[in-house]
Structures are given as structure tokens and as C-alpha cells.
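Shared between the two complexes below is chain A, which pairs with chain B and chain C, respectively.
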Partner chain A sequence: MYTNLLKQSWLLGVVVALCLSAASYAQLTTYQQEGWLNTPAASSHIGNITGDAKAAALPYRRFCVGCHGELGDGNGENAVWFTTPMYAQPRNFQLAIFKCRSTPTGTLPTDQDLYDTIGRGMDRSNMPQWNPMSRQERADLVAWIKHFSPRWQTEKPGTPIQIPPEPEITPERVKAGQAVFARMQCYKCHGVQGMANGPSASTLTDDLNQPIAAFNFTDGSRPKCGDTDTDIYRIFMTGLDGTPMPSFVDNIKPDEAWDLVFYLRSLQRHNAYNSKEREIARQLGLKPVDPNAPPAQ
Partner chain B sequence: MKQQRNQRLAAVLAILVLVGFGAVMISQKASAAGDGKITGTVKLDGAAPHMRGIDMSKDPFCDKAHAGNAAHSENVLVGSGGGLQNVVLYISEGLSAEAANAKSTQIPVFDQKNCMYTPHVLAMDVGQDFKVETSDATAHNIHPEPNPLTGNIPWNQSQPPGAPPVTKSWKAPEMIHVKCNIHPWMSGWFAVVKGPYATTDDNGNYTIQNVPPGSYTVTAWQETLGTQAQKVTVAAGGSAKADFAFKAK
Partner chain C sequence: MRMWTQSHLCQKPQRVSSVLAAAFALIFLLLGASQSASALPAFARKYGLRCSACHESWPALNNFGLKFRDNGYQLMNDRDAPIWQNPGYWPVTFRITPIWHRVSSLQETDVYTSGNPLPTGSTAARITSSGFDLSGLDFHTGGTLEKNISFYVLPSSDSTASFHFETVMARIDNIANSPWLNIKVGRFELNNLLSEKRILTLTANGGVYQTYHFIPVGDGNIYGQMGDNQFGMEYVGHSVDDRTRVSAALVSSNDGNVNLVTGGNGYSGFFTFDQGVDFGKLGVSRFGAYAFVGEAATYYRTTGGTPTSPGAPIPGSGIGNKGFSRVGFTGQIYFGPHFDVNVVTQHGEDNAWFGQGYGNPIAPSNGTTTVTCTNAVVIPGCTLNNSPGTTLAPGSRSPIWNGYTVEARYVYSPQLIFLGRFEAERMQQQATPGTLPSLGNITNYVIGYRYNPFMTSRAGFAYHGEFNLIHQDGTGPLTSSGTPTDINTSELLFGLDFDF
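Up next, the complex of A and B:
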């Protein structure tokens, strides 16, 4: 009687295992059956590298699936451990809403944007830098990421915003940048000193309605979408889709945008990029902006 | 002789073609936008729910704009006689493809005024341009939240004081929630529908204009109370009536 039961439960176990593996196999092939992988969207173009989605199936399963999930919906088995506001949920590739874009808000990013994000990782999140992968492997992954969302079949990436060459840093520009900071009211979230403690900071939520923190310029954090001057320019001009950070491209002129970049640099703790800006701000004796001052127009 | 016959033939053909075109154009005009109407009243069945007061003290501009007269949430606005405001009415079934795809050429305005949205619900057709403006001396960000898989792609644009209007349109029918991350109490809707539509006034009254003759399902949508549908028949140039009552939650 007892051995009989043991035998039966062993059999049951085999049946369950078979069912599960059949189900997971069915899931894996759903997209392939739809023919996604044979369409132009199943490739990527980064410089002179052409990425092939099919080549990324295995690397994705090995390195990405734990968080981003088999179906690219951001529901990998590790996702439940992600707690906000420090660790946002893994990106849902099915919706194809991305923070780091060179393209206007509401448009798909370029292949280069996705490629850069994979290599750069996301500061203050669980997304590591994937630089150890070869460039070809990262390009293949870009193509694979795109096959998760039907949007890549019907939409084209936006036209990247134009960024003029970076001008010379001058005291006038740092000062003008502070005026832009005041006029755009960046302090509402980022705080008058860039400490992420503005009046709206505590109630910010992302598109999943999870709490999200404003960027703190003063604690040594690196911006999520890159920390060169050009990256910072791009971040506030295109906005970070899926987050509270809006696009300012309609309201800040290209020349003013560089001024703002220099002022934001002066708020940052000393790093490899901002010696000059900090020195200028110190010599000018710049005080934090006053939110209650009448608007200068 | 032969030449004359050819000329006569050409003239007859030309007339035939002209008459044919004219007939097609007239029939198109008649079927695209009718002059029928659907009218009615939308009411709330039950006591008007309490609308939470809004604390705007974190933004001095917003707070001052409502000094002595605190703003309230606008999820369920009830007028005289229980009329429900901001209910969107549209024809969900029965429109010809042509009538459903005809879009209004008006450009409605969604204004950010005193840190609230005016109107609270803005109805529009698929593909119809609309404008987002700001009247406020404080920065807003305008952040609609559609489902990107419908074809409506979310975007997020800043509107600091004095910012130029943003003109946009939507690609698919959807009730799209709009928010401002800077002022978390700000909540509004873009009601994107196909074909003729109307929004109820302060007393719950509405009129859908330009309805071609036919039998239709009219749907009433309220942001928290959901949808209701009714069948109506509109005669050519006539008026049909459809009243709705939503149960208070």
C-alpha cells in the first residue's frame, strides 16, 4: 500500500514535469510561429554592425530572462524582489517605452539608443553594465529586444533631436543656465540645490504607479542615461519616457540647453567632468534659486 | 459627317461622366454627415458622493489660486436634479465606416488652469487635433497614460509658465487618463472615440449632432461609474432621445 502510493506519486511527478516543459516550449515558440524573426524588425543596425535576433535567443535566456522574463514583459522570476523607489521594475519590452532615447518623447528609440543602454547599464537599478559582451552580441540583443513588441512592426523610431556642438564654458553661460533652471522650475522635483528634495519629489510615481525618486545631483549618482555633457543635454530635452521626467525640447532653445547643462554640472559633487563649472559657480558666488522670486521676464 | 458623329459621341460621354461624378458626390455628402440628433440627460441614481478636498499647499501658486475656496476632486460631478457632468456619449455600433471615420475639424482645448484641468474630460475623434495649453504661472508636465499597444503612444511634455500650446492627436479609440507628476492631484481624461460625440453639461444634458439616419447603439462613459449602452433609431433630419441613469457607488 505504502510502496504503491510512492510509485504513483513518482508517476504523477513525471506527468507534471512533462506538462510543464511542454507548456514552456509552447511559450517559447509563440513568437517564432508568428514569423517575427523573419521580418526586418528582427535585425538591428549599430554603426556598421548588423545585429541578428536569432543569434540572441540563447544569450537572452542566459543573461536577461531572469528579470525581463521569457516574454520580455519584465516579469522574470527575479522581478518580485525589485523594490521601488531605488529599484524600478525590469523594463517591459512588449510596451516598448524606454527611458534613454535620442528621439522625441512618445517615439521609439533608435537601435543605437538601446545598444548604448545595454552597455551602460542603469545606475541605481539592478541593470548591470553589459560591456563584457562583444559588440556583436549586444547588437544581436537589440534585435531580440525589438521582437517582443508589435510596435517595431508598425512604427519607425523617432528622428533624433539635433544637438549643436558644445560651446565654451563661460561664467555668463553658467549664470544663464541657472536662469533656465529657475524658469523651467526644475526645482519642483530636483530641489533648489539639486538634492532631489523639491516639493513634488515625495509624490512622484512612474507609469506602473510605483514611487520613483528624482535625480539627486549632489550625492555622486550617475544619471541613468549617461553622464557625458551630451547625455545630460539629451536627457532633459527628450525626457525619460515611463517616468515623471518630461521633455523640454519645446521650451528650451538649443543654446540655452548647453547653459543648463553647465549649471547642472555645477550642482554635482566634484567628478571627472565638472571642475570648471564648480570653480565658476564658486567664483560667481551663485546662491540656490529662490522659488518665490518673481519670474524674470 | 464622321467627324460630327464623333464630336456628338464625345459630348454625350462628357455629360454622362459629369452626371456620374455629381451623383457620387451628392450621395457621399448625404451619407457622411447627417443632420439628425441624439439628445438626452444623464443622471446619477442616488446621493452624490463626497468629493475629496485637495490640499495644494505644496505649490504656493496653486494654493493662492484657490484661497478661501478649496478645489475638490472631480471624479463624479453632479448638477441640479442629479444631472451628471462630464459623461461622454458616442455611437458605439451602427455607424457606416465612412461616418465612423469622419472626424471633427474643430481643435478643442485642454487648459491647465489654477492647477486643475479645464475641461476635466475632453472628448475628441480619432485623428482629431487637440491643443494642450497652460494658463498657470507654475510649471506643469502633461502626461497622458494610454496603453501603447492600442496604437496610442504615451508622451510626457513640460509646460512651464508661458509655454506654447502642444498640439496632438490620437490614433485609436481609448479613454486616456492624463496626469501631472508635479501636481499629483491633477487628473483628467482624453475620451477618444469614432464618429459623432457629445459631453454632458453641468446639468447632465447632451446633444450628439450630425448623426446620419440609422439604428445605433449609444454608449455613455463616466470615468468612475463605467459605461452604459442604449439602442436608438434616428430618422433623416430627426431627433432621437436616450436618457441614462448611473447608480451611485
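Up next, the complex of A and C:
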């Protein structure tokens, strides 16, 4: 009997210790985050506006906490409902891994990158465009986001990649872009017609092992990180960190990157995109890439 | 003196019981402060956003909520169409508010003398009543039918569950992919920057904006009430970030009544413009202007009349349209995230015919029955019908007035808001020369708070407390000496305001 009791006490002790550890870890996290509020990293600089993290406590609670959570861990009360590949999970700010950056893959984004994301929102997610907020409020929120992760205490944001001026659109460039599309095997996820139905599409997961969908160029959706030609250029040169979309900066020359932008535009067959590239592709009679074709010499 | 003594003796225990009941209500509210609930307000449930994302304090919109509404209840994030929702999603929310309130007002009361069971006269006396009560019930159903095509239907009842359609509209937004092209048709609230349908107060006189409903004493123009939902169609245009907003509505001049029973062939226009200005740390404030101009019927064809008895107005036969206007400025000024002031001014003018009481064919309901006016029967609050050849009394002129509403809000947190409101409506020119210049002037004070013990994307629940005091010059009952009194009505209200 005593043996049993001792065993139970031992088990109980372990359980209590584990609970206390978990609780103290959570407490420590909160404590650390509060401490980071007083560091230089808990500020932001957007043009001539300086954001102050402390000023964002109320807006964050009002607008953001339902998805991103009190601790910025992406575990707000609504996160549990975003369970399909169609709905991206709320960003975990504690990891400080961001899709939309102007900086090289693996580096922290600039303040401006975060500011732009807040104002632009994220299509195909529940992240709306928060542009009705004042610029100061958005700058404050950028600073607030940065106080969640220790990365901002030890790392500097990466240096934004250089984007050369956009060249003129020509049929040759659209055709060359298709060759880049084939060579980089973009079709494996995005499909040969850009319909997000490539052979790997159904197996894609993000860094948190959550299912994630490839971008469908044909259904009128807008890319998450912006819809201008420059935005699209930036997306595949920086990659979307935390997702299977890598950076191609080491594989594609800047000139080729613009060709690829033009070809991707031609895939946007939805009425919302009545682009010049689409018309050029039609005139050229471009057929979808053939995955089995021998690589171009 | 005896009257006073009786009244005094009667009122003392009543006051004690009122205080006790109020204390009870407060204790009840405070004890319940830790409770929680879960529910699914329609839009928050669809988008997984907390109420506070769109509402400064539910139901008042903040700038983000205003943009959401202007986009046709869409976040514009490619998942707005209902095809993206779980098939079980049904965009319905209901709202109701159990309340305790205490109302004190001056009313005409009978005077009795000792030994006589019948009244011997009447006088003005203050009547105070208190008790538990109920608001009406609203069923808000709204959302998208398809991307950029949305609807809003709001069956609403009074506290006896007698329903009407407060709002019914369909809207088409972002026509040609432009935020500047949005159209809605139906019965809807005019595009007031300070929305009365999203008012944060609930008392009878504090739950509406007096500036939106002011009608000079004896005036028959019910059609210029910009706080009432109206039938018509509205164009709204706005910039992508909603900083700039314009609207123009063409509405039937029937004050939103169905079946064209009032008015008939009159139309009015409601025009608004407002511009948001980013003041840095102070936030985005809005400044705008509006104009409500139109014409409405002043008399009705009748039926069933005889040479000795005029007939009853034929619904919808309103003719003799005369003009009216309401113009003013609006402002929504933020002083940081915690404090804002909302302002509406108004300069109003009615045609002299309205000023003499022509226009409204329906008498006010007085809370009992609605009575149709006729030529022969003069009912208090009811206007005489006109007839061809009628002329205005000599000296009749347009009633003109000025008014303003100032509402200050202190947002302690997204869950707790305090507000104070001051309204003043002042006659500039009475319709009939010689009338007391201040007759009908209104001064209204409201203070209140709303506390949401929890804040999620699933439910709305608020502890609501409010006090309202309204004063109107010269419209109260006559004293025993025949002198008209001023109306002073106060109301204290506590309630549990919830939606699901």
C-alpha cells in the first residue's frame, strides 16, 4: 500500500513539476517580452515616423490579438479555425519568420516590409488590409511585433535586394520567361498552366508542418506579398520564408527574373487581369510547358 | 399644498424602492462581471475578427469598420464570397436588452378634491416610474451573396414583439473594380457619419440623436428625419483606404413607411462627403458635410366625404409638394486611441406650409394606436388636411432652426467605454409670428458607459449604464393656472445588452 502511495506521490510530483515548468516557461516568455519593450528593437522607423511599441498595446489588443494571440505566438482564439490549406495560420511573431520581405531569405524583414504587410493585408487569409489605421498606429504595431521575438534583440534586418528597373515587355521576354519557368520547375507546385495543381501541390506543408496551397495564377487571386510586377519579382528572389517557396536569387539572373514576371503575368487568365503579357502569349500561341521535354540547351 | 403632501408621502417609499432596485441591479451587474458567454455575431464569425476590430465599442464603427461596411461587408481578401464559408454558416445575429430603468417626467394629471371621486381639474405633476423592462428584438442578417453583391435584412420588433423591417437592402459594390462605384437599393440608414443605428445609448430620449429628428412644434413635416431609415437607392464612393467618402441617395419622401401610405410622389436627396485626415499620433479624424434636401406632400386626396363630413385621406395620394432642407457639418475627431469627439451640426428649414402643420397624414402613435387624421377630426398631434384653394394664414413663414450634437467618448480599453453627449436644438424663426421664440427648443444630456466583460469574435455582451435628461421649452402640460410648462424628462437605465 505504502509502495503504491509512494509511486503515486512520485508520479504526482512529476506532474506538478511539469505543470510548474510549463507555467514558469509561459511566465518567463511574458516577462522576457515585457523586458524587450524597453530595448531599441521595440521601435520602428517608417520614413519620418518613429513607431513606439508601448503605444501599440491597445491597438494590438483591439485589432490583432484574436488571431495572433496575447503572446504573439499565432495562437489567438481564432487560430484553431484556420485549419485548411485555404486559410493560412496566423503568423507566429515569436519565430520572427516572415513571408513578405525585401530582404534575402533567412533574414529579418525591414520595418517597411512589416508596415507594408499590415496595410496591404494578406489575400487568401484572414489578414485584412489595415490601411484605415493611421500611419503612426501601423508604425507602432510594427514596433510591437518586434518585441515578441528574441531575434530582434540579436539580429539586424537583412539588406533589401536590388531590383533593376523593369524592362519593356516583348514577346521574346515572355517566351524566355516560360523557359525559366520550365527550368526552375515552377510547374511542380504551380502546375504547367499555373493552376496550383502540380504534382507536388498536394504535399506542400509550411515550416510548422501545416498544409499549404501553392499560388493559383488563374483564379484571380492576388499574390500575398503584393501584386505589382516589382512585388512578384521580389517574391521569387527573396522567397516566402516559412513556406516551400524558396528564394531563386542564386539561380536566376535579374534579367531572367523580369522575363519570368512577364510569363507569370501571362498565366493570369482571370478577367481581373487583362494584361499585355496575356495578349502576347495568346498571339504567340504559347502552349503550357512540357515537364517531360528535354531541358533547353 | 395637500396635493404636494400626498405626492410627497407617496413618493418617498417609491424613491426608497427605486434606490433599492437600482442597488440590486448594480450588485447584480457587478457580481456577473466575471461571467462569460460564447456566441457568433455574423460578421465576426465569418472573418474571425473580434468585435473591437470594427467597432470602437459595439455597435459604433471605427475607421476600419467603416471601410468594411463601405466595401459591402467585405474585407476584400478574396474570401468574401459565401462559397468560401462552411456550408453551415448562416449570417444571423440577434440582439435584445433586458433592462431596469427609472423614468421621471412632467405629465398632465387629474386633480381630486376631498370627498369627490371625480377629478375637478388637471395640473402638471411629475410622474416617476421604475422597474424591469425589455428592449425590442433585432434580427440582423447580412453578408455577401457573391463577391461584391451583399445584403442586409433587419426584422426588428418593439418590446411587444411587433415586427417591422427596419432595414432591407441589396447592394452591388466595386462595380468595374472601382471602390468609387457602389450602389444599394432598399430601406436603409442614410449615410450619416455619426450613425444613429449604431448609437451607444438606449434610453427613449438618449437612444436617438435629437438633431436627426427635430421637428418644430406644430410642424407637419415628418419627412426630414435623417435618423429614420428611408426607402430609396444610394450611391457610395470611397478611396481604397476609405479616407475619402462621398454618397448621394435618392429616397422617397415618406419617412421610410411601407406601401406608400405617406407621401406618394415626393422624392428627396441626401448627399454626404467626408475626408479622413491622418493626424499622426492623434489618429485619423474625419471631417465632412451633408445636405438633405427635397420635397414632400402637404395634403391628401380624401374619400368617403359628404357635404357635412370630410373624408379620410387616401394613402399615397399626397400632393402639393413643398420643400425642406437640412444641411450641416460632421466631424469625428480622435485625440489618440482613448478619446474622440463626434460632432453634427444642422441648419434646418421647412416650407411655410409644413410650418403650419400640413404634411403628416398619420398622427403620432402615443404608444397606443396610430390614428389617421381627417379634416373633421382634430386629434392632438394630428394635422389638418389641406384641400384645393386653401390658403396659408397671413404672416405664415418658414420655420428655421439650428442644432448640434456633440458626443465625446473615452475608450479606456476596447472593453470599456464612457460617453457623454450634449445636444441643442434652437429655433431661429417660428412659423407663426408672435410665437414664443424658444418654443420647442431642445436641450439633451446623456452620460453612460458600456463594459464588455469579454471580447471575442463569437459574441457581444455589455453591461450598460446610462442617464439621460431632456428639456424642451413650452411643450409640457398646462399648469393649473393655464401656463405652459417646459418638459423635463430624465431616465436612468441599466441593462445587459447582448447579441448572439
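Note that in this section the second predicted complex is superposed on the first by the 258 of 297 C-alpha atoms of A that agree within 3 Å, B and C clash if a C-alpha of one lies under 4 Å from a C-alpha of the other, contacts with A are read in each partner's own complex, and residues count from 1 in each chain.
Going forward, a contact is a pair of C-beta atoms (placed from the backbone, for glycine too) under 8 Å apart; a residue touches a chain by one contact, two chains touch by 3 or more.
Bear in mind that the values here come from a model prediction, so they are computed numbers and not experimental data.
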Chain B and chain C placed together on chain A: clash or fit? fit
Quiz prompt | First (chain B), second (chain C), both or neither touched by A:124 | solution = second
**Request:** Report for A:250: first if it touches chain B alone, second if chain C alone, otherwise both or neither.
**Result:** first
- Message: I'd like to know which partner A:59 touches here: chain B for first, chain C for second, both or neither.
- Response: second
When the two structures are overlaid on chain A, which partner does A:136 contact: first (chain B), second (chain C), both, or neither? second
Between chain B and chain C, whom does A:73 touch in the aligned arrangement: first, second, both, or neither?
neither
- For A:227, select first, second, both or neither according to whether it touches chain B, chain C, the two together, or no partner. neither
For A:185, select first, second, both or neither according to whether it touches chain B, chain C, the two together, or no partner.
-> first
- prompt: After lining up the shared chain so the two structures overlap, which partner does A:279 touch, if you call chain B first and chain C second: first, second, both or neither?
  reply: neither
Overlaying both structures gives a minimum C-alpha distance between chain B and chain C, in Å, of 26
Going through chain A, the residues touched by chain B and also by chain C turn out to be none
Per the touch rule above, chain A residues touching chain C in the complex are 49, 55, 58-59, 61-63, 65-67, 77-78, 81-82, 86-87, 121-137, 220-222, 272
Contacts from chain C onto chain A in the complex sit at residues 47-50, 52-53, 62-64, 66-68, 75-79, 84, 177, 240-243, 276, 278-284, 337-338, 413-414, 456-458
Chain A partner, complex, touching residues on chain B are 58-60, 137-139, 141-143, 145, 148-149, 151, 153-164, 166, 181-184
Contacts from chain A onto chain B in the complex sit at residues 94-97, 104-107, 149-151, 154-155, 183-185, 188-189, 199-200, 203-205, 207, 239, 241-248, 250-251, 291-292, 295, 297
